[in-house]
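The structure that follows is given in the form of structure tokens.
In order of appearance the chains are A, B, C and D, and numbering begins at 1 in each one.
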Amino acid sequence: MTSGGDAAGMNPAIKYAATYAKKCGLSPYLVEWGLRGLIEGWVREATPDRLAGIIHRGGTVLGSSRSKRFYEYEFRKQAFENLQHHGITKLIVIGGDGSFSALNQFYADFEVPFAGIPATIDNDIPGTDYCLGVDTALNMIRQSVDSIRDTASSFSRAFVIETMGRHCGYLAITSALANGADVCLVPEVAYDLDSIAERLRMQKKQGQKYVLGIVAEGTGMGDTLTRWMGEALGMDARLTVLGHVQRGGSPTVYDRVMAHNFATAAIDGLLAGERNKVVTFKDGHIGSSSISEIAAAKHLVNPSLVKLCEELSN
Amino acid sequence: MTSGGDAAGMNPAIKYAATYAKKCGLSPYLVEWGLRGLIEGWVREATPDRLAGIIHRGGTVLGSSRSKRFYEYEFRKQAFENLQHHGITKLIVIGGDGSFSALNQFYADFEVPFAGIPATIDNDIPGTDYCLGVDTALNMIRQSVDSIRDTASSFSRAFVIETMGRHCGYLAITSALANGADVCLVPEVAYDLDSIAERLRMQKKQGQKYVLGIVAEGTGMGDTLTRWMGEALGMDARLTVLGHVQRGGSPTVYDRVMAHNFATAAIDGLLAGERNKVVTFKDGHIGSSSISEIAAAKHLVNPSLVKLCEELSN
Amino acid sequence: MTSGGDAAGMNPAIKYAATYAKKCGLSPYLVEWGLRGLIEGWVREATPDRLAGIIHRGGTVLGSSRSKRFYEYEFRKQAFENLQHHGITKLIVIGGDGSFSALNQFYADFEVPFAGIPATIDNDIPGTDYCLGVDTALNMIRQSVDSIRDTASSFSRAFVIETMGRHCGYLAITSALANGADVCLVPEVAYDLDSIAERLRMQKKQGQKYVLGIVAEGTGMGDTLTRWMGEALGMDARLTVLGHVQRGGSPTVYDRVMAHNFATAAIDGLLAGERNKVVTFKDGHIGSSSISEIAAAKHLVNPSLVKLCEELSN
Amino acid sequence: MTSGGDAAGMNPAIKYAATYAKKCGLSPYLVEWGLRGLIEGWVREATPDRLAGIIHRGGTVLGSSRSKRFYEYEFRKQAFENLQHHGITKLIVIGGDGSFSALNQFYADFEVPFAGIPATIDNDIPGTDYCLGVDTALNMIRQSVDSIRDTASSFSRAFVIETMGRHCGYLAITSALANGADVCLVPEVAYDLDSIAERLRMQKKQGQKYVLGIVAEGTGMGDTLTRWMGEALGMDARLTVLGHVQRGGSPTVYDRVMAHNFATAAIDGLLAGERNKVVTFKDGHIGSSSISEIAAAKHLVNPSLVKLCEELSN
């Protein structure tokens, strides 16, 4: 099952999970349209033709949804009966922490254990350094910035690019690093526009032709920074809001390999008797965290990235 | 010289023009930063190292600019003296109709003939079916739409995509056709939101999962259509404004081949004694139009494209 | 039906043909796996779910095949009975001239008229300037050459790239033009290795760092040219055979638009009573040629391309 | 300095190293054309215009070379004098273990310490889990395989793809995993063609339409496997040798971020007094290994990848 916001890497995770489950002697099923599908009973066997030709496709072929009804016991009960009907005794959910909490409640009600696979381009699930979809999103952003750079350098203009990221600046900071941006604003780091302007004026004086700024959606600063740059530098300044272009695209190799590693670890964990854990990637190794650990923890961006960002926010 | 808004295909045009000029026994120069560079005298010989490794790059390595000073005789005179200084007797300008008019006035003053190469992603220069940069822009839009489609299909959502195009819907209509959009709004075609909503409701009833709309910037309808779709269809609806991502990117083969054909035709025309003509592509053939013909004409989008759009605007 | 070698643009052509047929009040069917499917009766209604999400996919979702059995009357009769069974009275075949001949014979036997849509990356069907798949193939080649150029320029090496094209050098010549190659060998143009070597030696002396050669498969000269370059220039020289990478990839906008224009013209023609014509693109306009005209004609590459190639073959 | 085979990520490493060196108060220089440039004295200050617009380019803008002369003391002495001339006291070399050994000898002679940054698409330098260029190469392979898959699925064919990798199957195995290949042959893992054929025949019987095999260059098995597949499965089988397409391409975000981390660690190490160490990435952390550790170690592919490959080699 996929649930919550879509992310590249969900399709390979579906494929690897189903394939590995079969290797382990299990009979995998696919739940369509997330929690809503669980309630409605949109459940099918994972036959080879359902899994063919999906490894290289973005989004999720199972569909996703947000379902408020799942908060109500009555609908969870209905979901449980659907699973019983097919003889399904364990769940794998690919999604974010909202989905994991929902299934944790489901376990409290009906004792159907699940394993969570973290997938969100915001990369903000506590306990794991990596969530599926992030590498693909970063590379989609990279391609857009490379294209915008063509115009910026043709005109000696200032360009501000707004990436996704409501509470977490991971995408923005990493993109600023990878694309050589001059300015980066994210929710986690304080910024000083005057100090930025002074720095950029000096860079311009030293011969720099164009300016690139990257802003995380969550700062709400896209328009303001663009106007500010235009005025402070006396340059034509433009804002581009990348939007949903970042979410799609064929999963990169990194996302496919991580999808494989997460999917097989999720099944291994369930078979070993683990209950309600989320598979994680920490310090270069696959592991797992319990739902309570994740709920108690707070996601923090890597301090070295924060430090890099500070240089670009001042 | 490149002038006006940047477009993919400018760099190959620079390269082919300089290379072909040398083959014809001429000594080509490069003017940097457009009309401003003409005034400032930023003119250099087209040496091989200046032309190496540019054929596959977006934007223009010469830079472009918009110069109001060129309206004044005094600055045009300065530009003329710069050309005389280098012994430059003919100009090739890659850009839009504003740049062509400016050089027409320059000719009236100092009798320096020029040939224009049409380049603008809006594809709205009268007299030619094609302007450099259009094919690359269409393919950049295609890649963005393909990515957005991943999310749209994962969620059964409505997505509206705003393309560039102030007065001309060419990019939007062609993208709607190429990407199988359900709705298309452009400045040239009247639309009826009620009729669109009715049609989409029917398509949804017949099993269509997600909806794609494409809107040209010039309609100013991006927000309105998105809200309308959300309400009329009871679907989550999102707007993506593609912005400057459309302008950049490595020139496609079509843009490179057209850049070659335009550049060689421009030089052949100047050598044959033509004055102040813009090279054109009509009915599959390279030709040329005089500046006065272009100034008198009105750009019209191909009627068959307008007809296609009418089906998507109602 | 798609038949013969696959080409990008086949999927959009299938989609546009089926959609437009419905608009015209017809009931379109899809034949799977080409002529073989016609014989076996692998024929299905063109329902919306069969046509969803195919416009941006390379190859052909219908599958293709080469069938020798179709030469035998007995199997053609079986094919005819399959069509009768579904009430199918007209055919659209997307493919090459072999497939068109086969269906011409089928018409002679059973009077089932067809319209042909030219699709082959070789661009060698007489009577049309364009065949579906060519623009996508050229852009796949462009991306590969751009990548190889990175290495060539890092090492001052000579690289030879072999494109597809058994009898026709269109892909190779256009790629040589679009990628700024120094050498191009194709079946249609005589070449002189000594003269090439002398020219390249001079270019190297003038400071050129690396050398790019493009060779059409049909010349069989990939290995020889590579060795020759290495010896004549005293450079490390490498051959890359692009192979089937050229055939696939998401169809470009040009291929999608041409697919639309060909597909609607094919249906318009059949409805207007045309018999056994192939839709064509000549001088910038959609038209059609009869099978006999095509069979009698000889495909010739555009003389201006041949001339360009001559400069790179000597 | 870049040295040895080129790899994507070299350019960002150059840029980050020079930028960070300046931040640390150093005066960075650039050596062109690798060891050869060291001997010839092709050394220049790292001025901003030399570093502009390189972060997104494949290969190395500094050029690389292989130099046998560096084995001779006389030429190393000349190289040392070149460094003295510019007051250069420390070296950073981006390349492979051959280059590191050469500079180790150089240190033995003249006590010029260096830091190595591992860069090779083969990912076979002992002591580090990652070498620059690998992620970009894997994604170039992915795009080629996605394109080939279009044809394979259109025809129910068998396709064999040969990746680079002389002694190391890392690229091939990871690509097999990421692209869902059915067969994978690498130098490190024994294979059994009969067993493979039996497995594929069964898969075909169960409805699988096409077959993908991936072979590392070092096995020399490309042709043999392709023929074998064709015969054993009675399918049309084709080989594609990806060649130098794998080496180029704009560096992915992962390669850019690793380039940053390696480059700053190399400078931090040199400033902290480390001598002749290679920066490494182990268990998710940046560290370093001495040249002697690297020379003594043997590179081994991750055992879990080997296990995955065993399933595809039998």
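List of remarks:
Methods note: contacts are C-beta pairs under 8 Å (C-beta built on N, C-alpha and C of every residue); 3 or more make two chains touch, one makes a residue touch a chain.
What you see is a predicted model, and the numbers here were worked out from it, not measured in a lab.
Looking at the partners of chain A and chain D together, they share no chain.
When chain centres are set by their Cα atoms, the one at the greatest distance from chain D is B. Once the centre of each chain is set as its mean CA position, chain A and chain C turn out to be 39 Å apart.
Chain B has its Cα centroid 35 Å from the Cα centroid of chain A. The geometric centre of chain B is 28 Å away from that of chain C, both derived from CA atoms. Along chain A, residues 146, 149, 153 each make contact with two or more other chains. Chain-to-chain contact here is organised cyclically: the chains close a single ring, every chain touching exactly two others. Those residues of chain C that touch chain B in the complex are listed here as 12, 15, 48-49, 52-53, 55-56, 129, 135, 138-139, 141-142, 146, 149, 153, 174-175, 177-180, 206-209, 250, 252-254, 256-257, 260, 282-285.
Taken in their complex, chain C has these residues touching chain D: 2, 6, 8, 10, 57-61, 63-65, 140, 143-144, 146-151, 153-156, 159, 238-249.
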